[in-house]
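What follows is one structure encoded as structure tokens, with my remarks underneath.
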Amino acid sequence: MTASESTASEFTADEMMTVAAARSLQDGGSCFVGIGLPSTAANLARRTHAPELVLVYESGTLGAKPDRLPLSIGDGVLADTADSVVSSAEIFNYWLQPGRIDVGFLGGAQVDRFGNINTTVIGGDYRNPKVRLPGAGGAPEIAASCKEVLIVMRASPRNFVEQLDFVTSVGYGSGKGDREKLGLPGGGPMKIITDLGILEPDPDTSELTLTTLSPGSTADQAREAIGWPLQVVDAPGVQQAPTEQELRVLRELKATVAEAD
Amino acid sequence: MTASESTASEFTADEMMTVAAARSLQDGGSCFVGIGLPSTAANLARRTHAPELVLVYESGTLGAKPDRLPLSIGDGVLADTADSVVSSAEIFNYWLQPGRIDVGFLGGAQVDRFGNINTTVIGGDYRNPKVRLPGAGGAPEIAASCKEVLIVMRASPRNFVEQLDFVTSVGYGSGKGDREKLGLPGGGPMKIITDLGILEPDPDTSELTLTTLSPGSTADQAREAIGWPLQVVDAPGVQQAPTEQELRVLRELKATVAEAD
Amino acid sequence: MARILRLREAVEELVRDGDTVALEGFTHLIPVAAGHEIIRQRRRDLTLVRMTPDIIYDQMIGAGCARKLVFSWGGNPGVGSLHRFRDAIQHSWPVPLEIEEHSHAGMANRYVAGASGLPFAVLRGYKGTDLPAQTSTIKMIECPFTGEELAAVPAVNPDVGIIHAQQADRQGNVQMWGITGVQKETVLASSRSLVTVEEVVDELTPRPGAVVLPKWAVSAVAEVPGGSHPSYAQGYYDRDNAYYQQWDPIGRDRETFEEWLQTEVYGAERSA
Amino acid sequence: MARILRLREAVEELVRDGDTVALEGFTHLIPVAAGHEIIRQRRRDLTLVRMTPDIIYDQMIGAGCARKLVFSWGGNPGVGSLHRFRDAIQHSWPVPLEIEEHSHAGMANRYVAGASGLPFAVLRGYKGTDLPAQTSTIKMIECPFTGEELAAVPAVNPDVGIIHAQQADRQGNVQMWGITGVQKETVLASSRSLVTVEEVVDELTPRPGAVVLPKWAVSAVAEVPGGSHPSYAQGYYDRDNAYYQQWDPIGRDRETFEEWLQTEVYGAERSA
């Protein structure tokens, strides 16, 4: 193991999540990126193991190669470095909808055991909600059309719920086979990456099941943080801690945002 | 009357047709142009009374300002001089279909008394025609959507027929009110410009009626050349012969094609 | 045919109470100055349309210009929530706000249908979500060839479409570049249109990636340098990221917001 | 991910007997060399798709490659008729040619639907014409919001889409400019795609009006200088107008055509 491959000893749970998300992206693949952690993870991947990763932002930039973290999904650095900049209609109709994009990254306020996501309203009813969230954006069609979906969210009973207040984006609906019945072309959520570990769909039921723990986390911690009775695989794996190299590149990336402020 | 406004004494029937077509185009308006006589007429208009005429070619060039006659509707000189070059889908969907274009120019192999046009097949039946023509191209939607349509064709009983062998593009259908019933947004053919004179729709019936004769032509000549019993207005007008200026500019334009060969 | 007007004249003439108005811009080239002018002219009962209502719509909603919002994502990008938007929806302050909610793909296609002179557009979207139950402008339609069921959304055809661009020439031809979102469709879908520009130039120099709107497709052009601040205008200025962050505490409190409105909008008529 | 191949290899690998193949180009950048290579490899039973079949499709039809033509305007632009096309339709020579006939607007929208992963597209078209009675791929559809009746056409999704462009870089990213018609949609609608280019360059320089196809959307690129002659490649060479005129007498006569085919196609393998 070289120096750059040796694992770091001190890192935050967010850094572990970002590194885990970055590792899920394959070199040469394409990734539909939202701002925040997904963008950080995708840019980290492009600077480490996946230099040929194609970054697609919903602002219409295909193949962006930003030299710093973009401040928004429509940052000028994305247009300046993209292979092509296309209209909003084209990015959704020609590039996302036909299932050309390998991985879509989503977050949300609530997720349920089948990877359905709520980013619309919390509490009350739709017309008179307790909390009004931003809404759908590109998420419903990203969830429907990308070959696979990665969800990144901090684990907590408020976020990982038994019952969504609103279904904004569909994961596996009410279980295995629902995507096919709905005619959704993409494969659905392959991973939920949390600070405590990684959930993956059970091959038989599509229910999200804990398969991998973050270094230092336990299955019991995860059970407490997840709002439904969490299934855990026998002998869950443990994620490799961020390498020194991953952490260095990640922190350099994050510093570019601070500089731009 | 200045020298450039004085009328010429020697000109061909084709020159008269082209000049008449050019005069039908208003300065500042937009015109969807096909190759051949329509393109010549539109470029003549732009060099005489209508310098602000907007030329739109179905190849996707908006506001082309060619310095010579284009050799095809996709000539490079059109792209080089256009305000904007757009895709085939955009030219039809965003620019033609919503009725943004003032004048559409059409020709054809056959036209009937309601300005319906055939550019598809002659004789036999559709699957086994006597003569197979090029087909529809942009014509059906030009005929449907432009605010008005100009048709330019040499008068002969073969071209001006009682019954079309195929309806490729709709004029007034089977008579007044048919366009509205079909939901066609544009106004339909306002003029058929022929070598013998000009036909315009009767205000009550929309039947194409001889309103204006070319210099030296007679209503009887027109009746013989038109394959249906031609209606003629009382005391048809006579077109002003091409002016010296019109003819000079037209011949200069034509010479640019010969040079390009 | 585009006329070159002052911003105040253009808004006076083009935007009327009760209109459906789209101020578009996807993160880039947001027509903020035009939005402030609409607030200043105290337009009321507007139906505001935009894929990504952000600070400028928060301000217009807080100022009481809007009775309805048609949108697909409402937030302060990179910062968090829009508090005036939430206050209007959750507490009807200062006036009730009706909403019509879509996804980005749905909204983009509604503009495309509007620009195309079609009554509706078709997309793979919304299936399995709770949106169709809440939004009457989402219906299902069957493919006449395959029988497959797809989503249909109606065209959006604003009374007025407003965008910001980098340049226009003196005839009113408009050029913008960088991320251009649904701006072309917004202008083409609207009955009337206003383009504010960073500068009016003698001649437009063709640029890679530029979108050109010919003068005959635009109603009015107004020269408003800095007209998309705090968003950015590629080639002119960068995003003022601090402004987005500072908006959060201002928008959070009704009184602070009203003070801001007095000082920064009503009391700050632009010369343009 | 695009691979850079020789033209012969690319056609051998990508184009199979019985395939639906679209060679697109609206007057400009017509992939003529690729069409000749298909003739040379004696592909049969192809369904050829193109908005404006002109000389190259006349040659492919005359050479017996096609069993069906899907199109909207078939002619020798600026000259007149396509005699091989007419001979095939009127006299089934050398083999019968089935046709599926649309308007340009219909075909353009079929490519758009194909590129968009939708089964059909909607347009204002065909109403009152005799085309729907002859073409089973035109149906009427009702707007679910207004009740208005519009035309629907099914997506076109060729097995292989072939276009010609000015440039590619060594990774296979493609750039074309000038009139670009439905070329982007053709590549995106097709299962496999081939782009012949005037030249492979180290780096693509962004240009006004350019359309860029990223390497991951293209199957193969082949460098074929002059590959769109007798049409033109903006920035490289002009249209060979004389060729279009000379084609008329060659195409008019079966024997003259077959001599031409022997000499100019079968006997003229390109080095590319």
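In order of appearance the chains are A, B, C and D, and numbering begins at 1 in each one.
Note that in this section contacts are C-beta pairs under 8 Å (C-beta built on N, C-alpha and C of every residue); 3 or more make two chains touch, one makes a residue touch a chain.
Source: prediction; values computed, not measured.
If you tally contacting C-beta pairs, which pair wins, B-D or B-C?
B-D
What whole-Å value do you get for the distance between chain A and chain C if each is reduced to the mean of its CA atoms?
Measuring from centre to centre gives 28 Å for this pair.
Need the CA-centroid distance for the pair chain C / chain D, whole Å please.
For chain C versus chain D, the centre distance works out to 39 Å.
If you look at chain D, which of its residues touch at least two other chains?
Within chain D, the residues that touch at least two other chains are 112, 117-118, 123-124, 148, 184-185, 209.
Counting only residues that touch at least two other chains, what does the list for chain A look like?
In chain A, 93, 97, 145, 185 touch at least two other chains.
Which of the chains touch, listed as pairs?
Taking the chains two at a time, the touching pairs are A-C, A-D, B-C, B-D, C-D.
For chain B, which residues are in contact with chain C within the complex?
Per the touch definition, chain B meets chain C at residues 28, 30, 54, 62-63, 83-84, 93-94, 97-100, 145, 185.
Which bits of chain C are touching chain B when the two form their complex?
Checking each residue of chain C against chain B gives 1, 112, 115-118, 173, 184-185, 188, 211-214, 216-217.
Chain C touches which residues of chain D in the complex?
So the residues of chain D touching chain C come out as 117-124, 137, 139-141, 143-146, 148, 150, 152, 154, 206-210.
In the complex formed with chain B, which residues of chain D make contact?
26-28, 51-52, 71-75, 77-78, 81-82, 85-86, 89-90, 101-105, 108-109, 111-112, 123-131, 134, 148-149, 178-182, 184-185, 209, 232, 234, 238-239, 241-242
Give every residue of chain B touching chain D within the complex, in rising order.
Listed in rising order, the residues of chain B that touch chain D are 35-36, 58-61, 71-76, 78-80, 85, 87-89, 92-93, 96-97, 120, 126-141, 144-145, 166-170, 173, 178, 182-185, 260-261.
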